[in-house]
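Each of the next two complexes has chain A plus one other chain: chain B in the first, chain C in the second.
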Partner chain A sequence: MSTEIKELKYSTFKTNIKYSVINTKVHNVDGIAKVTGRAQYTFDIKLPGMLYGKILRSPHPHARIINIDTTRAMELPGVKAVVTGKDTLGIKQGIWRRYEELCDEQILPLEKVRYIGEPVAAVAAVTEEIAEQALDLIDVEYEVLPAVFEPLDAIKKDAPVIHEGVERNVNVTRHIEWGDVDEAFAEAEKNGGYIREDWFRCSGQHHMCMETRAAVSSYTPEGKLTVWASTQSAYYTQALIAGVLGMREGDVRVIATYVGGGFGGKFELDAAMFCSAVLSKKLCKPVKIVFTREEDMIASKRRTPMYYYVRTAMSRDGQLLARESRMFSNGGAYTGMGATALYLSGFFHSFPYKWKAYRYDGYRVYTNTMPSTSMRGFGAPQAMFCSEQQIEWMCADLGLDPYEVRRKNAHTECYEVPGQAFIQSCGMTECIDKIEQWAKSKGDLGPNRAIGISSCGFMSGGIFNWFDSPYSFSSAVVTINIDGTVELHVGCQDIGQGSNTTMAIIAAETLGVKVEDIKVHSGDTDHCPADLGAWGSRQTLMAGNAVKMACEDAKRQLLEFAYAEMGLNIVYDLDIKDRWVHVIARPERGMKYEDLVRKAIRAKDGQRIVGRGYYTPHRKGMISPAYSYMMQAVDAEIDPETGKIKVHEIMTAHDCGQPINPLGLVGQLEGAASMALGYAYLEDLPMDEGKLLNPNLVDYKVIRAPEMPKTGMIDIETYEAEGPYGAKEAGEGLTNPTAAALGNAIFHALGIQMKELPLTPERILRALREKKEKEANK
Partner chain B sequence: MINDFNYLKPGSVKEAFEMYAEHDDCKVICGGQSLLIVMRQGMVAPEYLLDIKGLDELRYIKYDEKDGLRIGATTTHREIEKSPIIQEKYPVLSLMETKLASIQTRNWGTIGGNLAHADPAGDPAPVLIALNANIKVGGKNGERTMPLEDFFKDYFETALEKGELVLEVHVPVPPAKTSVAYQKFNLLDSDMGIVAVAASITLNGDDTCKDARIVLGNAAPIPKRVKNAEELLKGKKFDEKLFEEVGRISYEESEPVADIHASEEHRRHLLSVLTKRMIKKAWEQARAVA
Partner chain C sequence: MEKRALKLSVNGQEYEVFIHPKTLLVEVIRDHLGFTGTKRGCETVSCGACTVLVNGASVKSCSVLAVQVEGMEVTTVEGLEQDGKLSPIQKAFLDNGSYQCGFCTPGMLMSATAFLKENEGREVTEHEIREGIEGNICRCTGYNSIVRAIDAVAKGTYKEE
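Coming up: the complex of A and B.
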């Protein structure tokens, strides 16, 4: 006899344990050091005998390097070294280390430059001024080559070849498919379903970190290299630098104690790191390179610009039947993290709906522009801009309630995205309910003003390991000192997002001590365990699990001793809370944590208590161990005469599982709102023949305090079984819905459909004019 | 990177005149909120910088019921914005200052520095020209005063002769039943205007227009009066259709330049909208004043 189990459901559950640290408002553990100016960023590092480096950059978008003559520069007093590609091992590097063909970038190229701003030589001199003067004395002979700047041009047969042997400049392709898409469209057509297709254009965006790219490299005669770097992953930087210099990883130490922002742009090897290391190795002296804002803008990386074709079938009652999308992204000159953005954009383009049939074909195309890469949202803001607007328009075309349609198709807990991912916790439906209530409570907003909505979800860390790390994805070591203070060594990287605070909270909760008992050590490859770093919203879940495991290990050692010490019946459970070690059933019976630690260390022959933890996702599909969900509403008013947008309020219903630190969460919400609103209507990187036209903060506009609308969050609590204390992603995904929601607000306020980012006044007025002309012709 | 320069700090206006006459390739800095940007971009690399910000002789706001308002050149934007007498007598000037730039910039930047920089996108000039202001300049060889309107010659070029500094702005007492309105169009609050319009309306007792001054900002190499539009308004009654027409004249007479922030067509369009709105606003305000 057999029992057929149709669907095995994980039951997601909420714990009834009362936390003493989790979900309390904890200020950043490094906040005081930062606001008092004691925090040392790479920019602040000054070493004895340190030299200053500057980088000579290509003025051409595509050119062969015929010759570089450094004689005159070397003759300038104060210049200590000038290096070009010939002074390097000429290794083509990339962060997708498992795929040789995607390691395509020589920083200081030997043969060709492929974008304006690409490094061609670097100088070290006794002052920054002399280094800069020396750049003018380097004579580079170029043979200028035909260049191409847009993916839809670069993919043509007769387009210039940017990388030898790469046909039609197609760098990477990505196909995602489930269900029978052609069949589903045919069926929809037969049954009178509604099919709509649209083209969209999504712009790039600069990361605009407060700290520009910066590195100080110090190579010493012992054959060891120390690099202070502004990086999102000390471990990646260590491994990549060791690779390009032909050194052992262990001989390279990377220090990144404080990092002034990353947003996805700082975990590849950059020219500041590479050139300073090459110069320092040559001179055996420390060399510092700090990018100017202009350098950072023309020659770091950017959010990937994308062209999206989206075709969707919906039944007349609002069931999403099928989708096929094609995406062409402007990859710029090199791969970088762009290959991941290509995949994630296509995957999250399906979110958060249960498509029976779905197909995505993404093409990442090389062009002669600054490379594009990951940036907060990782391809999803672009994907949502297209998807969520089209669904909204289809609802309007069919006269359907957009909340109802989204609810009908939304992911629910224990849903499998066919062949891709398994969703455990999911609060999408509750998010829709709450935002619908909120929006309806606002009543009539008056003319030219409306609320637009967008739903989405995001990953809590990537499962992919294209970097080919042999280490666990996250690791932590916890050491308890004789007085009960705790040294927590983590590999996860605090880049201003507050991960050190998050880890301190998780450690304090787990050990049963206070946040101030925890000293977090991070951002130093000599002293911290390896960890993939701060990207893909991975640290709270992955490093959080590693920290929790390490602390549980240490706590177990303490409690073993406490059991013996207290002579308890083995059916009793012990716990530690707020530095009180006690019997759970009889909390008054116990001992002081400090006393227990002292005794336990003595019992261990004077050894400090050490706990270890690690995390690598297993059996969680192809993308991520867990997913956050949200719906965002943007209340916006548009001046129909000038096209100017005024955003009154942004409200987000957000399921990030169990919030760890409400203060950090609000910081993420507000930061994401400012970044995503900037992407939606302000920020753009216009170029002329590959030359950036606004490489400064006068002409590149970012949201500032007066433009920041009121923001609010409705917390949808779920419990994610895979996350530490039920937590999931809570910072990056919040960037995804805003452009789409604003687009939908404009649609409802003025009846126009915006298919191009950013949503500028001129584009709005043009759409209004076209609408009027269309109505007149009817 | 900003080039090295020699720093000159005069203790008095007289000494400033002398220093300025003595040094060739010398730029005057008075707050540096415009100059330092172009120096950082490498567009200007003077050998000498003459810093007159500390000259308190030129730092004053004086008001007299007959003479009107006098503002010394080294007075900061923030001081103008916060001045109770300006808030009372010339509210448009104070309001303009609140949106001129960030508070940090307003604390550093000065009215004299702003006008001498002669950026066509500058905020004070259109408002002051609408208010019929004069400017006093001077150097070693004496002082002279001219209507502010005549001070601007071209992009970043003024009537200042070699060795001359801006000394004072004078705003006469406005005629009865006069009000001025100003607005710039931008996407960031307190950012530079993509375009701007200042309109001054003086009414007769019967609510007809006695006089009008319309000044466009960033619509031409210098702040631009739209005299045809002003003439059209004179003697007319409040009429939104008329304002539309006046807006069209702004559209036609402006000569804006396209850049990445807006096309020429969009700028003209915005100028027509803002002209219409500012005339209406100034008119409505003028009705309320004595």
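Coming up: the complex of A and C.
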């Protein structure tokens, strides 16, 4: 494989192309719908004769289901159906469809419950209140089993068995290695290099989408099912629902026009979708299920908590020599997307440095807690928290300049991560330079205040196909109407990140029209091509490439006609810009785009112009076709009396290739910063015997407007040959550096090393106490 | 408790609904009258997604009973535009990209509208703006674009049409 990627060493370059639409400030194409309250979310759907569903959940973290008696519930007036696992096909499902053993979740389990909050039965009734009352009338007999909650306990020999036949509760393992790690460490030791090892504990985090999980399912006697779903991938939802109901994919339509946030938590099949579909199929009536905030918090998914052991060797002059890391993640009860997070965490733990020898062993361990999964950054924020702090401490231990050390080891363009990935564009060094300048320009910040830095990178979509999609990863169809207006059908999913707008910009640029000429159709499996959806920061590059290709196809058809119509010498090139079709060498010579379209359609025997495009990465290594890079600096002040943190400013130097939508880019930066800051010092999911202690927005704190700091961005422009117009990801990666950078700010402000997330006042005070004790003992 | 009739005015229009006295204002707005612009994001009066104006003041509509606003003037996000013309704060949200998924946006716009009205004619600080929307959670934007939008309106960048 490594020879294969070597053939693809394009050198990257910066372009001086003037774009008409790309990187100009445009309104979000869904903006007016959103600011006027017209946007209809699944939460808002109401259908004639619609019933309301509620889910009965397990109070036990681990128990055998002996019997479920639904008689009393069924007798309650207004109740239309009660379903349990016995009313389903009992299919074990999972998003890693290629691997049967990782499809381990029956959403209404037949035999066992494995976490508190796991669904055991669902009711449909004429009102939500009646459905709720009916839950109390369902009698479930459990045999309570011993449970285990932490991965380091669950992996022990005598731990309770959570899934039959899974030894030591190890759900998935992942090994990544290149170079000779043992030899590199031995060599380092021999040559007087510096070796340091640390243990870290990274917490979970809830996605906390403002729209909780919600679905409306409507099965009709034709044998067709329509599901309005709050999902990050209409196609995944369609395929997964069809699978568990034993239906054909084409008989299931999923609609997800507006989605109230996703952040990695909404692309698996959830209980709202599944239970509403089962109930609707049974009753031939529409059924709506909306999770309460508490249900969403105890029984959806969460960012994966991780324990990291990190051992690193560095030469005395700051060369990174070798790393070996072991990671144990709290997988919770089921696999979900956790297997991907396990891999990506280990891979990005190496970023953005050129390790000659690197080894990662990841163990995802089942426990009797809510399953963990992907969340914005996909395992990388945890990995960076450990890696970037340890490197900072090592620099301090050796008296080295942390900027210089990072620069020395940083990825550069056309670098191959041995056997793993090929980096084309890379602005890492420039990011470091810019942040160094910025930080130094701030001068002395006073006591208890410092700037902490972290560098990192992220993928522009994953290459892996664990879902086993038979379709292209992204597809687009563009249709040009007689008046020149454009229908753009895409499968990519807008969950607020603005992909509809990004696609409209790419289409407008390619076709040479204006954004308002493009109508984007997305989030409907009946009308849009299949696409893997919104995860892994993939859509700008992958769906963007599909849209560009579709529009180039349509444009070529138009220009072929224009050549003939204008009777041009074949050496001339034509283009369309701002609705003007013209000879590139003589822009004044041309015709109106609308006139051309009208004529071209007539020439095609009245057929509208249709262009098709698709994208599937090939020969791009094992991870991603392209990588973003960044360095972030967090300016923070900590009160040593209270341990309270005040973040003054976050500055990020960011290489996302060619920015497409500047307003959207700023939004991603600021949104990621607030979510990542929450992860760094506020958000946590403490549990007692598997029971979540803060299942509401009073006790679970998120960043609110007053504590959100000033944010700034330095744009490092590179050109990514694999991306549409040179673009790379800009969504998830920005979540990666913040916890590490804040940890490093605390280190420089107070001289303490924080190895556990979140960075709470209690932990800071404890570390300060320990530091004092140590100094006193000296 | 018996159901009863209730008169209230929403977005300038009189309505009469027949409700259980324990019905929340948000339920009347969304479920009885069909103004689904107003959202709900919690059960603990923590998120602000349900914010509306009652007689011009911002109120979390999940925190009051509908009968408590009898005879009062309620404004929801649907009432911000006049005959298809967007209000200044709506325009400022568009220009500043102050929304992403849009689920918090209706509540955020109502809090912003109330804040701007309360502070009409005086200069507001950035900190005051932030406190003005403290009760509204946005998981997507990181708030700063919302603060910029409110600031722009406060500074008179947008004129009422």
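Keep in mind that, in the parts below, the second predicted complex is superposed on the first by the 769 of 778 C-alpha atoms of A that agree within 3 Å, B and C clash if a C-alpha of one lies under 4 Å from a C-alpha of the other, contacts with A are read in each partner's own complex, and residues count from 1 in each chain.
Heads up, the rule we're going with is that a residue touches a chain if its C-beta (ideal position, glycine included) is under 8 Å from a C-beta of that chain, and two chains touch if they have at least 3 such contacts.
Note that the structure is a prediction, hence the values are computed from the model and not measured.
Asks: Contacts for A:Ile138 in the overlay, against chain B (first) and chain C (second): which applies, first, second, both or neither?
Replies: Neither chain B nor chain C is touched by A:Ile138.
Asks: Regarding the shared-chain residue A:Ala673, is it in contact with chain B (first), chain C (second), both, or neither?
Replies: After superposing on A, A:Ala673 lies in contact with chain C but is clear of chain B.
Asks: Examine A:Arg704 and indicate which partner it touches, taking first as chain B and second as chain C; both and neither are also allowed.
Replies: Both partners, chain B and chain C.
Asks: Using the touch definition from the top, say if A:Asn28 reaches chain B (first), chain C (second), both or neither.
Replies: It touches chain C, and chain B stays clear.
Asks: Going by the touch definition up top, name the partner, chain B or chain C, that contacts more of chain A.
Replies: C
Asks: Looking at the overlay, does A:Asn696 come into contact with chain B only (first), chain C only (second), both, or neither?
Replies: both
Asks: Which holds for A:Leu320: it touches chain B only (first), chain C only (second), both, or neither?
Replies: In the superposition, A:Leu320 touches no partner, neither chain B nor chain C.
Asks: Answer with first, second, both or neither: which of chain B and chain C does A:Glu641 touch in the superposed model?
Replies: First partner only, chain B.
Asks: Scan A:Leu51 for contacts with chain B and chain C and give back first, second, both or neither.
Replies: neither
Asks: Is A:Val259 touching anything from chain B or chain C once the two structures are fitted on A? First, second, both or neither.
Replies: second
Asks: Do chain B and chain C land on any of the same chain A residues, and which?
Replies: In chain A, residues 292, 696, 698, 703-704, 706 are touched by chain B and also by chain C.
Asks: In their shared complex, at which residues does chain A touch chain C?
Replies: Interface residues on chain A, with respect to chain C: 27-28, 30-41, 43-44, 46, 207-212, 258-263, 292-294, 495-498, 663-664, 666-667, 669-675, 696-698, 702-706, 708, 710-711.
Asks: Under the definition above, what is the set of chain B residues touching chain A in their complex?
Replies: 1, 4, 37, 41, 102, 185, 187-192, 260-263, 266, 269-270, 273
Asks: Per the contact definition, I'd like the list of chain A residues that touch chain B in the complex.
Replies: It is residues 128-129, 132, 292, 641-642, 644, 681-682, 686, 693-694, 696, 698-699, 701, 703-704, 706-707, 761-762, 765 of chain A that touch chain B.
Asks: Can you check the complex and tell me which residues of chain C touch chain A?
Replies: Touch residues, chain C against chain A: 30, 34-44, 46-47, 49, 76-78, 80-81, 86, 90, 93-97, 99-106, 109, 127, 129-131, 133-134, 136-147.
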